[in-house]
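Per-chain numbering from 1; labels A, B and C assigned in written order.
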Amino acid sequence: MADPRFYTAKGPFSLAVIAEASGARVGTEPDAARMVADVAPLDRAGPDDLSFLDNKKYVAAFRASRAGASFVHPQFAHQAPAGMALLLSDKPYRSYALAAALFYGDDPAASVRAATAVIDPTARIGAAVSIGHHAVIGPGAEIGARARIGANVTIGRGVVLGEDCVVGAAVSLAYCIIGARTRILAGARIGEDGFGHALDATGHVKVPQLGRVIIGEDVEIGANATIDRGAGPDTVIGDGCKIDNLVQIGHNVQLGRGCILVSQTGISGSTRLGNFVIIGGQGGVAGHLTIGDGARVGAQGGVLKDIPAGASVSGTPAIPVQEWLRGHYLLRRLVGKKDR
Amino acid sequence: MADPRFYTAKGPFSLAVIAEASGARVGTEPDAARMVADVAPLDRAGPDDLSFLDNKKYVAAFRASRAGASFVHPQFAHQAPAGMALLLSDKPYRSYALAAALFYGDDPAASVRAATAVIDPTARIGAAVSIGHHAVIGPGAEIGARARIGANVTIGRGVVLGEDCVVGAAVSLAYCIIGARTRILAGARIGEDGFGHALDATGHVKVPQLGRVIIGEDVEIGANATIDRGAGPDTVIGDGCKIDNLVQIGHNVQLGRGCILVSQTGISGSTRLGNFVIIGGQGGVAGHLTIGDGARVGAQGGVLKDIPAGASVSGTPAIPVQEWLRGHYLLRRLVGKKDR
Amino acid sequence: MADPRFYTAKGPFSLAVIAEASGARVGTEPDAARMVADVAPLDRAGPDDLSFLDNKKYVAAFRASRAGASFVHPQFAHQAPAGMALLLSDKPYRSYALAAALFYGDDPAASVRAATAVIDPTARIGAAVSIGHHAVIGPGAEIGARARIGANVTIGRGVVLGEDCVVGAAVSLAYCIIGARTRILAGARIGEDGFGHALDATGHVKVPQLGRVIIGEDVEIGANATIDRGAGPDTVIGDGCKIDNLVQIGHNVQLGRGCILVSQTGISGSTRLGNFVIIGGQGGVAGHLTIGDGARVGAQGGVLKDIPAGASVSGTPAIPVQEWLRGHYLLRRLVGKKDR
């Protein structure tokens, strides 16, 4: 059970309701009315809890679990212990995530607008918006319905925030338009000046950055991440991208849909990523490159040229991952050591 | 045209005025009185817009542009389409940057001191300073004329901020003295404790950090970047340095003039950089080293020893860039692959 | 002498008092009553200052110093100049750190609770707590005695902060329990959502993160660092860990006691570090790994598998440091260059 100092579960819910919300189906008809009160991992769940089996490594834990109910792929259903109700799903982890959101999701009914927030009279605030203490919302900003804005947030002139967005503490948003259901974690900086200077031995001259940042729907942006606007085309983050903490996205970068950028990754100016690109932690991509759909860059990889769709690269300069590993092992052999 | 939700152009201006502000000269005398209303890239500019040609790759776009006027190097002037007014400059991009600042620069006349800002009575605030909502300015701080301080900023005791500085939202400044016209983007942390501990198996002991951070004029410090003060000599950032987002500068580091540190670079304690050093994204320099004037460190390079002036290095440990590339290609040949 | 705009020394103190506070002993009995007014490095110290010799490289400076008193290891005591009082210590740097804290440590008597701070009526605030302007403290939070909370800080529902903790400007704390004497520097983000998504080509689904972050005593967390909570077990930071600026610690990570993570390091989800592990700047550790007690990872090293206790590794993938260096030098020889 989650620590009640921090979390309040909303249940109980019947398995029928949970199945509906999570894209699963109840294993046997009589179980549809069965109630569960919380979610828990297999080894800690009790008779009132809902759990999940997502990885065959945990089949033994599944067989031994005391969980009252569990998501499971149909192929493992026969391994269930007696008395466990089943919610059958082709994607048990996805179903579990949706069920957990049912128990622990935000409650838009509890919207509060803090008295200490400063909201410009020309800003337009949607219905049931929550605004934290000392938040500042500038002229002409538009905040979509049910958005939740944390304490000490700064939202600049003209910013558009979509419906059901969540903005964490101390975030700043400027020169940006953000789609629905996007979550921006604490301390992220959206729309700051791109790193554009006319370099000159007599003194570098700043190039005014007159573009915008356009962020799609269902995006997550991690804590203390930074996404710059540029002087040229807009910086664009496609729908469903998940961007981890401390990631840097340079000016005029364009990300397609569903990209995953793990923590501390950096994307240099004007580079374009296709859809569903994955970049491991501390990866980097140089400027003005094109990374194809579904490409993968290993952790700490440094991409210095275009990467075709579907390729998997690692190292600096990044090369196909198998080749990179062969080089690593060859060098180890040459110096007389084996991989231990 | 920049999105009017976010930007307001100040023009129109005559080409004579623009030439004066940008270090250019008007191509033909009759054009001096011609007016332009905005800046725009070659492919989007219309008859009222000012554009620029800076790279010979764009000569075709220049020839086809509908821009009313354009900055151009004299050697490409003959390529201009009929009717385009020319502003001749040896540094067209620099001139464009200065012109764009004329159209979109800050307006110091519009200074506002938010009622919710908390300003210690012993702080000295210059003329025409803007202070955002919920900013906090501590005892004895000195804020230069026309400085603009964003919302939710924290300025500690004794901090000195020069004239015309810009401090973004949620920045914190402590134990620092900052020169004129320096810009500090949102969330940057200046003057926090250096990472100084007396390491000890019975428990590491913090060493009080009693120094300062001294930042020059015309510096830019990126979003969520961190510059620490130390226990020993001051941490010093020279005039005109441009420091990108999420860069870390350790305690007692000294940077000369005009250094460029690209995003997510880290400089360890007590290292000294000369003038006009350039470090690519995610580069790192170990502590107590000396990097000579004009040296360059490639992206993700890791510098573990001193680098002479003018050298260009890459890799970890960083070595001369050509040698690093030869090693990379040799290893690829040895494992039987060519660069694709 | 530290800049009085920023620092106020609390002395003078007698050497007897200082010896008591710093685990040293006065060299000769008559010196016990001698007073010193400040701390200073050997080359800048005068007759009223206390200095230290910690490294035999500085013996010459020690011999030439005008310092009135100095910490010194007994083996170098005979090198002291005439008239210098000695404080003998087996760990002179540690003793100096403790002495400097005596002169410049925080003064809990000067606690102030800013009128603009917003403190939920259900929060419990200990004795002599300082709270900065525009700080926000949520429902049910518990703040230990003598804690000092900076300006623009956001502390969420239920957070527990131990006695004598220091929380810098603009920090946000959520879903966390923090031990005594821990220091959290400006802009750090504790307890944000772990990067947990059920990846899916039809749209990644966020997994609710229902865990906590548990931080021990005497920890330091650097500016703009991020420590996530997860969906599974708590994220745990052991007593005495020192975590530098811009470090990322993923969800469900566990650190033992006394670990040192230098700036911009990243630890991926569910990895466990033993006690006194040291990771150099920009180092990375992949997820679900185990790093043994006392292991060391070099700067920019990328750890992709478990590391045994006491091992020292570098490179990506990280291998024993000597082997990594041999590979580096071998490759340089093969391309016909020597290390310069």
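General remarks:
By definition in this document, a residue touches a chain if its C-beta (ideal position, glycine included) is under 8 Å from a C-beta of that chain, and two chains touch if they have at least 3 such contacts.
Here the structure is a predicted model, which is why all the values come from computation and not from measurement.
Under the contact definition, chain A and chain B share the contacting chains C.
Of all residue numbers used at the contact between chain B and chain C, under half are used by both chains, marking a mostly different-residue interface. A separation of 29 Å divides the Cα centre of chain B from that of chain C. Under the contact definition stated at the top, the residues of chain A that touch 2 or more other chains are 116, 134, 152, 170, 187, 224, 246, 264, 282, 300, 331.
Interface residues of chain A facing chain B in the complex, by the touch rule stated above, are 116, 118, 134, 136, 140, 152, 154, 156-158, 160, 170, 172, 174-175, 187, 189, 192-193, 195, 197-201, 203-208, 210-212, 224, 226, 228, 231-232, 246, 248, 250, 264, 266, 268, 282, 284, 286, 300, 302, 304, 316-317, 319-320, 323, 326-327, 330-331.
Listed in rising order, the residues of chain A touching chain C in the complex are 2-3, 5-7, 39, 41, 91, 93-94, 96-98, 100-101, 103-105, 114, 116, 132-134, 150-152, 168-170, 183, 185-187, 218, 220, 222-224, 240, 242, 244-246, 258, 260, 262-264, 276, 281-282, 299-300, 315, 328, 331-332, 334-335, 337, 339.
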